[in-house]
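Structures for review follow.
Heads up, the next two complexes both have chain A, just with different partners, chain B and then chain C.
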Partner chain A sequence: MMIDGLDALTLARIQFAFTVSFHFIFPAFSIGLASFLMVLEGLWLKTGKPLYLDLFKYWLKVFAVAFAMGVVSGIVMSYQFGTNWSVFSDRAGPVIGPLMAYEVLTAFFLEAGFLGVMLFGMNRVGKKLHFAATCLVALGTFVSAFWILSVNSWMHTPTGFVMGDNGQFLPGDSWMDIIFNPSFPYRLVHTVTAAYLTTAFVVGGVGAWHLLRNSANAHARKMFSMAMWMAALVAPIQIFVGDLHGLNTLEYQPQKVMAMEGHYDSHPDGAPLILFGIPDSEAKEVRYSIEIPKASSLILKHDLNAPLAGLDTIPDEDEPPVEIVFWSFRIMVGIGFAMLGLGLWSLVARYRRKLYDWTWLHRAALVMGPSGFVAVIAGWITTEVGRQPFTVYGLMRTADSVSPLEAPAVATSLVAFVVIYFAVFGIGTWYIMKLMHNIPHDHETGVKRGDIGPIRTAGITPGPSQNPGDRETFPGSNRESQGPEIVDRTRNEEGGD
Partner chain B sequence: MDLTVIWAGIIAFAIFMYVVMDGFDLGIGILFPSFQVGKERDQAMNAIAPVWDGNETWLVLGGGGLFAAFPLAYAIILPATYPLVIAMLLGLVFRGVAFEFRWRDPRHRGFWDMSFAGGSLVAAMTQGMILGALLQGVTVEGRNYAGSWFDWLTPYTLLTGVGVTVGYVLLGATFLAMKVEGRAEDHAYRTARIAGWATLALMIAVSLATPLLEGQYWRRWFEMPNILFAAQVPLLTGILFFALMRSIAKRRVYRPFVLALSIFLLGMAGLGVSMWPFAVPPGITIWDAAAPESSQIFMLVGTAIIMPIILIYTAWAYWVFRGKVGEHHYH
Partner chain C sequence: MRFDPKLDGGETGDARPLWQRLGWMLAIWVVSISVLGVVAYGIRFWLKG
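Moving on, here comes the complex of A and B:
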C-alpha cells in the first residue's frame, strides 16, 4: 500500500486535513442556510405569502440532511485533537480548551436543542415559537463559528498567554486577549461571509436549474432573485474583507503572504504581483510567471515603491510549502471575482427586467452553484498550510504536536475515514441533490417521516391531498398549477400512506 | 471547595447525562432490527428523531470538557484507546446519518436501518471498552501515553463493553415502552425483561472482576472502614433491580425507565468509588491532569450560568414531543 512509506506525523496531518475539510463543507452550507431559512420564515410570518413557506419547507429538507452530516463529522473533530494531536492538546488545552467548551455550551446545545422543534415542531408549538426556534438554530450556527474561529485564530496569532514550567500554554491576565486575538475579527467576518456566499450560490444554482426547466416557476424565480441579490451585494464585501484579512496576515504571519504571493525574493523597491506561474521551491523561483510590476506593493502597502521582504529572509525550516499556498490562494481569489462577475451580470439582467429570461445567466449560475465550497476549502488550505510548519504559529511545531501513535494505527484509521466519508457523505450529497432536483412547488411538504410520530402532528402543514382546506389558511394565495405528478412524487418519496 | 473537584463533578455529570440520554438512543438502535419493518421501526425511530442530536451533544461536552478541564487526561486517554475512539466515531457517523437517510431513500431503507443498528452497537460496545481500558490502567511516561496500540484489548474490556451494551439495551427497551404502542410496546417490555436480567448478571461480573485488577480497587471496596460505605452501592442496586423487574412485569409506563436510570447512576457511583481520585488510573490524579485555575474559573462562570438554561430548554424539547408517538395517523 502506498501509505506504508509515510510516517505517523504525515499520516496524522493527512487525516486531520481530510476530516476537517470534509467537515467544513457542511457548516459552510448550514451556517448560511440556517440564516436563509430564518429570513424565509420571517418573510412568511410578515407577509403571509405561502410562497415563502413553500421555500422554507423546500430548503428545510435539505438543511436536515446537511445538518446531520455536519453533526456527525463535527463530533469526529472534537476528538481528533486528542486522538492525533495529544501533545498539542496537552500543551494548548488550558488556553483553547475553555473556548471549545464554550462552543459546546453556547452553540452546540442551542442548535441541537431547537433543531427538533425546527424540523418537526411547528404544529406542536405554533408559528411564533417555531420561528423563535429557527432563529435560535441560526444563532447557534453563528455562535459556533465565533468560538471555533477564535480557537483557530489563536493558533495563527497567539496572544494573552504565558508559558508554564511544564511546557503548557497558560492563560494570562485577560481572557479577552485570548479570545479577541489579532486575526480573529478578520477571520470571523471572512469565514461567515464565505458561508453566506456559499449558500447563496447553492440556492442560486438550484433556482437557475429550475428556471432553465420552466422560467415561469414562481418559487424558482424567488430563490434565484434572492440569491443574486446576495451575490451582487455580498461578493464585493467579501473581496474587501478578504483584502483586510490579507493585510492582517501580512502584519502577523508575513511568510504566509510571501508564499501566497510567490515572493521567494525580497523586493526593496516595489514587489510585482504574480498573477500566474509555476512556483519551484527547489530553485526558489516562480517559473513562467505573468507579473504586474509593483502591484503587490500597491495592494499590500498601498505604495508602488514600498519594499516587501521575501522568503529569502525566512529560515528554510520555517517556510510553508509555497506551491500549495500559491495555488489555493489563486483558486480562492479567482472564484471570488467570478462570484462578483455573476452578481454584476445579474444586476444588469435585473435592470433590463431579464433576470428570469437570460438563459446564459442561469447556466452560469448553475455552473457556479458549488463554487463556494471550492473557494472555502481553497481558502482554508491557504491559511492552514500557510501556517506550517507550526500548529501554534512561531511557538509550537506541527512535528512536536503529534500523538505518540504507531504509523499503522494512523494509517488504518485514515483509510477507514476516507472510505467511509466518501461513501456516507457522498451518498448524503446525492440525497441532497435529489431534493434539489425536485421542482419547488405549492403546498411543499415539511420534513415528513412516514405517517406516524412527530410527523403526523409535526409536518408543518399536511400535504394538499390530505387536507384540502389547507389552502384557506393562506388568503390571497395566487398559485400557479404544477400538475398532480409533482405532488405524487413528493408523497412517494416521503414514504407515502 | 477545590475547583478541580468541582470540575471532576461536572465532567462526571456530563458523562452521566450522556449515558442517560444517548444510552437509550443507542439501545433503541441496537434493538432496531428486532422490530418489524414498517410502522414498528418508524415508531421506534420517530421516538428519538427530535432529540438524538441534543443527546449526542453531551458526548461532545464530555470530550470537550475533558479537553478543557483536564487536558492531560484527554491527551493520554484518547491515544491509549485510539482504535476504540475511531471506531466509536465512525459508528456514530453511520447511526447519525441514518436518521435522515432512511427517509430519503426508501429503496435502501433496509441498508440504513442496518447502519443505524450496527453503528449504535459499535458505539455502545466501544464506549464500554474505553471505560474498561481506563479502569484497568494506562501506561504513561512523562506526559504521554507509552503503551502500544492494542493494550486496551483484554477479556476485562470485552466484559465492560458487553456490560455497557446490554445496559443501553435495557435503557432503550424501557424508553420505548413509554413511547410506542401496539405490538412494538409488547416487544419492548419483553426485551426489557431479558435485558434487565442480563444487565444484573453483567453488573455482578464487572463488579467482581474490577477489584481483582488492582490492589487499590480491592482496598477501596473490601477493607474496613471503606466497606461500610461501599457496600451500600451493591445493596441499593439489588433493591432497585428487584423493583425494576417488578415494574416491567406489571407493565408500568414510566417506572421501568426511571429505575433503569437509577441503576446506571449507582453504577457510576461504583465507578467513582473505584477510581477516585484518579483521572487516568493508576498514576494520574485529577489534580495532576487539571487545567490551571484561571481556565477552571473562566469555564465555571459560563457553565454555572448556561448549564441550567440548557437543562431547561432540553426539558422543553422533550415536553414538546411528549407522549406516545402512535401507530395510527388519523384520530
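Moving on, here comes the complex of A and C:
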C-alpha cells in the first residue's frame, strides 16, 4: 500500500488536508449562493417578476444539496480535532473552543434551521417570513464564516492569550483581542469575497452553458448577466484585498511570504518578482526563474530598492515547504487575474451589446465556471502550508499537536474517509451537476420535465412547450419555436440589466 | 408536512394569521435542527466506533 512507511503525524496531516479540502469546496459555494438566493427572492418580492422566482427555485435545489454536504463534511472535521489532534485541542481548546462552538451553533440554529423553512415553508409561513428565513440563512453562512475564520486566523496570528502553567493557551483580559487578531479582518474579507466570486463563476458558467445551447433563454441571460456584473466589479476588489492580506502576512508571518515569493536569499537592494520557476529547497534556489527585477520590493514595500529578507534568515527547521506554497500561490493569483480578465471582457461585450451572443465569451465563462473552487483551495493551501511547521504560529509545532496514535489506526481511518468521501460527495456533486444541467425555465419546479405535465395535448396536435427553448422539446431550431412572448421578455431583460 | 419545491404556496401562506405563520416557522425550524442533530450524533457514533 502506498501509505506504508508513513508515520502517524504525516498520515494525520494528509487526512486533515483531504477532509478540509473536500469540506471547503461546499461552504465556498454555499456562502455566495445563500446571498445570491437572498438577492433573487428580494428582487422577486420587489419587482413581482416571476423570472426571479424561477431562478430562486432553480438555485435553491443546488444550495440545499451543497449545504447538506458542507455540514456533514464539517461535522467530521470538528470531530477530527479530538481523534487526531487531541494534544492541540487540549492546549488550544480554552481559546479556540468557544469560537468553534459559536460557529457550530450558527450553522445549526441559523443556517440549517431556516434552510428547512426555505425548502418547506412557503405555503406555511407566507412570502415575507419565507424571505426572512432566506436572509437568516445568508446571514448564518456569513456569521459561521466569521467564527471559523477567527479561529483559523488566531492560529496564524495568536494574540490575547496567556500561557497557563500546564502549557495551555488561556484567554487573556479581552476576548476581542483573540477574536479580532491581526490577520482576521484581512482573511475574513479575502475568504468571503472569494466565496462570492466562486459562486458568481459557477452561476456564470451555468448561464453560459445554457446560452451556448440557446442564447434566447431569458433565465440563462439573467443569471449570466448577474454573474458577469459580479466578476467585473468584485474581481478587482478581491485582487486589492488580496494585496492587503499579503502585506499583513509580510508583517506577521514573513517566512510564508518568502516561500510564496520563492526568496531563498535576502535581497538588500530590492527583491525581484519571480513569475515562474522551479523551487529547489535542497539547493535553496529557484531554477529556470523568470523574474522582474525589484518588482517584489515594489509590491511588498512600495519601494523599488527596499530590502527584503529571505529564507536564509530563517532556521531550516522553521521553514515552510517552499515548493507547495510557491505553486499554490501562483495558481490562486493566476486564476484571480483570469477572473478579472473575464469580468472586463464581459464589460466590453455588454458595451457592444453582445453579452448574450458572444460565443467565445460564453465558452470562456464555461471553462472558468469551476475556477473559483481551484482558487480557494489553492489559496487555502498557500496560507495553511505557509504556516508550517506550526499549528499555532511560532508557538506550537504541528509535530507536537498530534494525538498519540499508531500509524495503522490513522491509515485505516484515512482510507475509510477517502472511500466514503468520494462515494458520498461524488454522488452529491454528480447530482448538483445534474441539477445545473437542467435548463432553467418558466414555472421552475425541480422535478423532471416529464413529471411536470403533458407537453402535448391529446391527439396529434403538438402542445405548447413547458420548457421554451429546450432542444429536447423542440428538436429543430429553438429560436423559431419560442414565440413572441419569450423574445419580448428577453428584450426587457437586456434593458433591465 | 408537504415538500414544497414549487414554492408556489406564497398566497396560501400569506392568508394564514400571523400567529399561525410564526408557529409554522418555529415548528419547521425545530424539526430542521433536530434532523441535523440526529445526523451529527450518527457521525459521532460512527467515528467513535
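Everything below uses one rule, namely that the second predicted complex is superposed on the first by the 443 of 497 C-alpha atoms of A that agree within 3 Å, B and C clash if a C-alpha of one lies under 4 Å from a C-alpha of the other, contacts with A are read in each partner's own complex, and residues count from 1 in each chain.
Methods note: a contact is a pair of C-beta atoms (placed from the backbone, for glycine too) under 8 Å apart; a residue touches a chain by one contact, two chains touch by 3 or more.
Predicted model only: the values in this text are computed from it and were never measured.
Comparing chain B with chain C, the partner in contact with more residues of chain A is B. Using the contact criterion defined above for the overlaid structures, shared-chain residue A:F337 touches neither chain B nor chain C, since it reaches no partner. When both complexes are overlaid on chain A, the residue A:H130 reaches chain C alone and has no touch with chain B. When the two structures are aligned on the shared chain, A:F114 is found in touch with chain B and with chain C. Of the two partner chains, both chain B and chain C are touched by A:V72.
Of the two partner chains placed around the shared chain by superposition, chain C is the only one that A:F56 touches, whereas chain B remains out of contact. Contact with chain B, but none with chain C, is seen for A:M100 once the two complexes are overlaid on the shared chain.
In the superposition on chain A, A:F422 makes contact with neither chain B nor chain C.
By the document's definition of touching, of the two partners only chain B reaches A:D90; chain C does not.
Shared contact residues on chain A (touching chain B in one structure, chain C in the other): 71-72, 75-76, 79, 83, 108-109, 112-117, 119-121, 124-125.
Across the complex, chain A meets chain B through its residues 64-65, 68-69, 71-76, 78-79, 81-83, 86-87, 89-90, 92-95, 97-98, 100-106, 108-117, 119-121, 124-125, 164, 166-168, 170-171, 175, 403-406, 408-409, 412-413, 416-417, 420-421, 424, 427-428, 431, 434-435, 448-456, 492-495.
Chain contact summary for the complex, chain C toward chain A: residues 1-10, 12-16, 21-22, 24-25, 28-33, 35-37, 39-40, 43-44, 47.
In the complex of the two chains, the chain A residues touching chain C come out as 53, 56-57, 60-61, 71-72, 75-76, 79, 83, 108-109, 112-117, 119-130, 133, 443, 445-447. By the touch criterion stated above, chain B contacts chain A in their complex at residues 39, 42-43, 45-47, 49-51, 53-54, 56-57, 59-61, 63-65, 67-69, 71-72, 74-79, 82-83, 85-86, 89-90, 92-94, 96-97, 99-101, 103-106, 143-146, 148-149, 291-292, 294-295, 298-299, 302-303, 306-307, 310, 313-314, 317, 320-321, 325-329.
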